[in-house]
Amino acid sequence: MDLTYTAEEEDFRARLREWLGKALPALPPKPSPDDWPGRRRYDLGWQRTLYDAGYAHVHWDADPTTRLIFLEETERAGAPYVGANFVGLLHAGPTIAAEGTDAQRARWLEPILRGEEVWCQGFSEPDAGSDLAALRTRAWRDGDDYVVSGSKIWTSHAEVADWCELLVRTDPTAPRHRGITWLAMPMDAPGITVRPLRTLAGSAEFAEVFLDEVRVPAAHRVGAENDGWRVTMVTLSFERGTAFVGEVVACRRVLGELAREARANGRWDDPVLRRRLALLEAEFRALWRLTQWNVSEASAGGVPGIGGSVFKLRYSHARQELYDAAADVLGDAALDLDRPWVLDRLSSLSYTIAAGTSQIQRNIVAERILGLPKGR
Amino acid sequence: MRFRLTDDQRALGQGVRDLLARRFDRDALRAAVERPALDRELWRELGAAGFFALRLPETEGGVGLGLPEAVLAFEEAGRALLPGPLVATHLAAGRVPGAAEGETVVTTADTGGLVEWLTEADVVDGVDGDVSGAVALRSVDPLTPLHRLPRRAGRTAAEPVAVLLTAAEQLGTATRACELAVQHARTREQFGQPIGAFQAVKHLCADLLVRVEVARAAVYAAAVTAGPADIAAARLLADEAAVRGARECLQVYGGMGFTWEADVHLLLKRAWVRTRRAGGGTESEELLAGELLAGAGR
Amino acid sequence: MRFRLTDDQRALGQGVRDLLARRFDRDALRAAVERPALDRELWRELGAAGFFALRLPETEGGVGLGLPEAVLAFEEAGRALLPGPLVATHLAAGRVPGAAEGETVVTTADTGGLVEWLTEADVVDGVDGDVSGAVALRSVDPLTPLHRLPRRAGRTAAEPVAVLLTAAEQLGTATRACELAVQHARTREQFGQPIGAFQAVKHLCADLLVRVEVARAAVYAAAVTAGPADIAAARLLADEAAVRGARECLQVYGGMGFTWEADVHLLLKRAWVRTRRAGGGTESEELLAGELLAGAGR
Amino acid sequence: MDLTYTAEEEDFRARLREWLGKALPALPPKPSPDDWPGRRRYDLGWQRTLYDAGYAHVHWDADPTTRLIFLEETERAGAPYVGANFVGLLHAGPTIAAEGTDAQRARWLEPILRGEEVWCQGFSEPDAGSDLAALRTRAWRDGDDYVVSGSKIWTSHAEVADWCELLVRTDPTAPRHRGITWLAMPMDAPGITVRPLRTLAGSAEFAEVFLDEVRVPAAHRVGAENDGWRVTMVTLSFERGTAFVGEVVACRRVLGELAREARANGRWDDPVLRRRLALLEAEFRALWRLTQWNVSEASAGGVPGIGGSVFKLRYSHARQELYDAAADVLGDAALDLDRPWVLDRLSSLSYTIAAGTSQIQRNIVAERILGLPKGR
C-alpha cells in the first residue's frame, strides 16, 4: 500500500498545476446560470483550452491515477467544471470509442475533444427512472432512417446540445432489455421540442425532450439494432472510481470553511456541532481514501469494478449530512438562498436519487458483490 | 500511488488467517468462551510467526515490517476474535523481554481505568506496574477478563499506534459480522425463500458492507500515513463499523442471534470492549475537530 | 382518561380541513407559490371561521375553546401548507385590534432574528414594533418571505403556546408528507409493480407513519397539559417528523420529487423554516434536560 | 381529549395503591433467576394474592383504562412481574375464554386466575420464526388422542409449566395457514424433553421443547381441527395497547436514574450526552402518551386496533437507544455485568426481533394501515 505518487505522477501534477496557474487567469468571466448560450461557449472554450494544452484526452486514455490527479488539481485550482462537455467526454464519447465504426469515431470523437460539439443524454423517461429498461420511446425503420417518437426527461444541456445519445425501443415484442437501440440524434432535427425542467432549487438545469416523429439516419446507430442496452452498459461500467473526485475535494474544502464560519459565529463552542463536524471530517477523509483505493484497483486490474456503488451509497448520504451540518452552522442564515451552501443543500437532495437511487444501489451491492439472491 | 495490497501484504494477511483458522477456529473460539484462559502455546506460536515482532527491525531480531503489515495482522486477529492483550504485547516487543517471542504476555494499564487480562498477564505496562487497588469486574465479554484500576495523575493522550491497531481489530470484527450476516441471509429460509432475497435484509447486508469498506479505506490509509488525525478517523469509523455491524448482524440472525450458541454476541461484546480503549469516541472526535480547524486556514 | 378526539374536536378539525380544501386547494397553493402574497380575503374568512379567535373567551367575542382545538386547527393549516404568520396573529387575537377577525395581520419579531411576512404584516409584535434595520432575505421557502432583524436585549424564553402551535403545524406537514409518499408508492410503477410493493419503499412509508403518530401523541398531549416540558417534547418530535418526513417523501418520489412541480419541496422548505422559530432544537432539548434532572429525584 | 382520569378510575387507582402498600411488604423474598421452582412458587403466590384481593381478572375483564392504571401502579410500586403467569393470563387464558367449550373454560380458566397452574407457549420452531405459519411439528389422530412429534423453541417457563398451548400441523397437505391445530398439552406427558436455551445475556430464560410421539387427548383441542391459526390470531389481536405499559413506566424511571448518575459522575456536563438524554425524555414522554391514546381508542371502540405495531416499532428501538445511552453514562462501567443497566442493555437487543421483527412490523404497518400492496 502506497499513498505517495510516482515521480512521473508528481511530474504530471506539477506541470498541470503550473499550467493551471497560467490558464485560469486568462479565462473569460463566468456566464450566469441561465445564460445557456454563454455557458455553452464558456464550457467549450475551456475544453478547447485543455485540448490545446494536451489535457483533453485525460478522461479517455489516461491511467486512472493520472485522471485522479487531473480532477483533484483542477478542482483545487478552481478550474471550470466539465459542464456542457459532460455527456460527450464521459459517456457518449467513450461509447462511440468502444462500440462505434471507424467512420463514427472519425465523425464524432474529435469534435468532442476539441470542444466543438455538445452532447446530451436521452435515457430516462417519465415512467423509466430506476427501471431504465422500461423505456418506451419508440423508433421504427423507414428507409435509411429511424423515426422516433416519445419523450425523455432529466436531459442536461438539451437547449444547447448538437447531439443526443438516445435510447429507443426498436422491438417492443422482445424482452425488456433486448429491444433497445442506441442512436445519435442531431438536436436540430425537426420534431424535437425542449422544455426546461425546473428543479426544487428553482433552477432549470434539466429539460424534458419531446420527440414527434424525429428522423434519425440509420447510419447514426452505434452497435447493432436491439443491442443498445449492452452498448450503453459497456460505457456505464467504464467508471473507474473517479466520478466523484472533484466533489470529494470540494466537500473537504467546504468542511474547512464550515469550521471557520462556526468559529467566527461562536457555534464552534457547542460540542454537539463541533463533534458532528469532526465526524464529517472522518467521513470525508475516508471517502478520499476509498477513492484512492478504487482508483488504484482500477489502475492495476484494468477491469472496472462495481465498488462505485459502495462509494456512491456512502458519499451521497455524507454529502447530505455535510449540508445539513452547514445549515446548523449557518443558523437562521440557512434559510437565505443568497448565503453560501444553501443552494448546495437543496442540490444535495438529489444525490440519493439521481443515477440510481440508494435503494437500487443497495440491491446492486447485495446481489452483485455479496451474492444475495434476487427477490421473487 | 498504489493504494492496494502488495502481493507480500496479501500473503501476510492470508498467512495470519491460515494460522488462526488452524489454531483458533470456531471450535477453539467456543471452547475458549466456556473456559476463558490464554492459550500460551498459541501465544508462542504467534510469536514464532512474528505477530508481535512484526515491526521490530531485523537487527533487533524482528521481522522489520511496518504499520500496514501490523494492521493486516491485527485485522485477522479481530476477524477471528482472537483473545488476549495483543496490542499491548505487540507494542512491548523489543522493550519487554520475551514479548516479541510470545513468551511474555504484556497488558497495559495506561494511567488507570480498565485493564484487560490483568491476572493472566506477566507484565503490566503503565501505572509504573503498580496494580494495587485493582478490582475485578464481571466482564460483559466472556473472552476479555477486566479489572478496574484507580486513575493516576493527568491522563496522557492515547498512543496512536495502539489506537490504530484497535481500529484494525474492529475492522476485522466488522468484516466477520458482515460475512456471518451474508452467510445467514443466504441460507436461512422463511416464507419460502432465503431471507436474503427480501429487500429489508438485503439492504441491511449492503449497509454492513459499505461500513466495512469505508472503515477499511480509513484504517489502511492511517497505517500508511501514521498521522494522528488519520488514525483518529480510522478509529471512529472502525468502532462504528464493528458495533453497528455486530448489531445489524444480530438483526439479520433474528432469534438465533440472541442465543449464546451463535457467535454474533461475541462479536458485539468484543467490539464494545474495544470502544472503551483509549482514543475512542470523544477523544478522537475532539482531535479531528482541532485538526479540521487548524487545517481550515489552508 | 379519554385521550382521543371528541366528536366536537373531530368536527372542528374536519371543518378547518374542508374550509382549506375549498379555499386553499392544491391549485391555490401552486398559484401562491408563483405569486407569493397574503390572500387577505382568505385571511378574513379564517377570522370569520374563528381560526384566530378560537381561544378567546366568548365574553370577548371569541370562540371560547382551548389549546387542543387550536392545535387541531393549526395541524390542518400545516397539512395544507397555508402561508402567513398564523401563529403570531392567533396569539395577538384579543390584544391587537382586528387580529381576531383576520382584518389585521400580525407577525412577530421576538427580540430580533428572523421575521416572517414582515412587509405584508400590519403589525409587528416584539422589538417594540421597531423594525428599522430589517434586511430582506431571499427565502428558501417561496411561501414564507423572510427578513432579518438585529437582535435586541437578552433573549427571553420562547412563548410555549407559540412553540406548541408551531409543533402542530409541523405535525400537519408531516402528515401530508406521509400521505403524499403513500399515494405515490401506490400508483407509481417500476419493474412491473407499484413501487410500494418493494420492501425498501414500504418500510420508508412505515417509518414515516410511525414518526407522525408518535409526534401526534406528543403534540395532542401537550395541548391538553400545556406543560412546558410536554411542549418541548412535542416540538422536538414534530420538527423531526416534518423534516425527515419531507426528506423521505422526496426519496419515495425519486426524480419527480426533485422537480419544482411536485409539492414535496414545499413541505420540506416550510418545515425547515419552522425549525428556526423560537423553541426549536437546542432550546427545547436543554429545557427537557433540566426537567429530567429536576424530576429525577422523584 | 382528556388526560385526567374519572373519579371512578382515580378511586380504583387509590384503592390499588393503598392495597399495594400493604401487600408488597408481606411478599416472600425474591427467588434467584435460576431457581425455577422458586420462581414458579413466587409468581403463583403473587397471582393468588391478586386473586384474593379481586385483581386477578383485571387482564381479562377490565376496561383497558383500568388495566392501564393497574399496570402503571404495580410497576411504580415495584410489584412482581406477571412472570410465570404470562402465557396463562395473557394468551392461553383469553384464547380458551374466546374459543373453548364450556367444559374447557371450566377446567382451565379458574386455575390460571387462582395462581394454581402455569402455562407455556409452543408456537415458534427453529425454522418457523418470523414465518410462524411454516411450523412443522406434526400431530396425527390416533383414537381419542393426537400424537405429536416435533420441536418448539423460545418457550419460557417450560421447566415448571403444567400446560403448553401448542400449535401443531394436522394437515400437511392444506395451505400453510389451514392445516394448523391448537392443543393444550400437559407438560408431564411422556415424550417431552425440555432443554434450557441460553441467551446472549448468559441466562436461560427460554427453553427448547422436544416432542417425541407425545399423546394429547383430542378433548384438549380448542377450536376445530385445522382451525388453529384463526384460533390463535383471535387472541393475538386482543392486545389493547397495554402490552408495554409497565415497561414504559420503567424506562422513564431508568431515564431519571441515568440523569442522576450522569450528574454524579460529571458526564451531565457534556452537552452531547445531556441532549441525548433529553431527546430520550421527549421520546418516552411521547411513548407514554401514545400508550394512553391507544388505550383510550380501545376503550371507546372495543375493537382492538393494529396501532400496536406502530408502538412496538418505535418503542423497541427507543429501548435500545435508552440502554445505549446508559452505556455512555456508565463509561467503563458499561462493561461490568454487575452494574445496573448492563444486563438490561443485553436484553434490549431482543426487542427489535422478538414477537415480530421490526422488518415484519414495518410490513404490517405498510400493508394493513397504509394499504400498500404486498410484494410479489
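Which chain is which? They are A, B, C and D, in the order written, and residues in each are numbered from 1.
Keep this in mind: contacts are C-beta pairs under 8 Å (C-beta built on N, C-alpha and C of every residue); 3 or more make two chains touch, one makes a residue touch a chain.
Just so we're clear, the structure is a prediction, and the values are computed from it rather than from any experiment.
More inter-chain C-beta contacts link the pair C-D than the other of C-D and B-D. Chain centres here are means of the Cα atoms, and by that rule the chain farthest away from chain D is A. Each chain gets a centre from the mean of its Cα atoms; for chain B and chain C, those two points are 48 Å apart. Taking each chain's centre as the average of its CA atoms, chain A and chain B sit 39 Å apart. Chain centres here are Cα means. That of chain B falls 38 Å from that of chain D.
Multi-chain contact residues of chain D, defined as those touching 2 or more other chains: 270, 272, 275, 359, 362, 375-376. Touching of two or more other chains is recorded for residues 198-201, 203, 282 of chain B.
Taken together, the touching pairs cover every possible pairing of the chains. For chain C in complex with chain A, the touching residues are 113-114, 137-141, 146, 148, 189-191, 195, 198, 200-201, 247, 250-251, 254-255, 257-262, 264-265, 268, 272-273, 276, 282. Put simply, chain A touches chain C in their complex at residues 124, 127, 129-131, 134, 153-154, 197-200, 202, 270, 272, 327, 331-338, 342, 346, 349-350, 352-354, 357-359, 362. Those residues of chain D whose C-beta lies close enough to touch chain A in the complex are 270-272, 275, 375-376.
Against chain D, the residues of chain C that register as touching in their complex are 1-6, 9, 68, 182, 185-186, 193-194, 196-199, 201-203, 205-207, 209-210, 213-218, 220-221, 223-225, 229-230, 232-234, 236-237, 282, 284-289, 291-293, 295-298. On the side of chain D, the complex with chain C involves touching residues 1-6, 9, 65, 68, 255-257, 259-260, 263, 268, 274-275, 277-279, 281-283, 285-287, 289-290, 292-293, 295-297, 299-300, 307, 310, 313-314, 359, 361-363, 365-367, 369-376.
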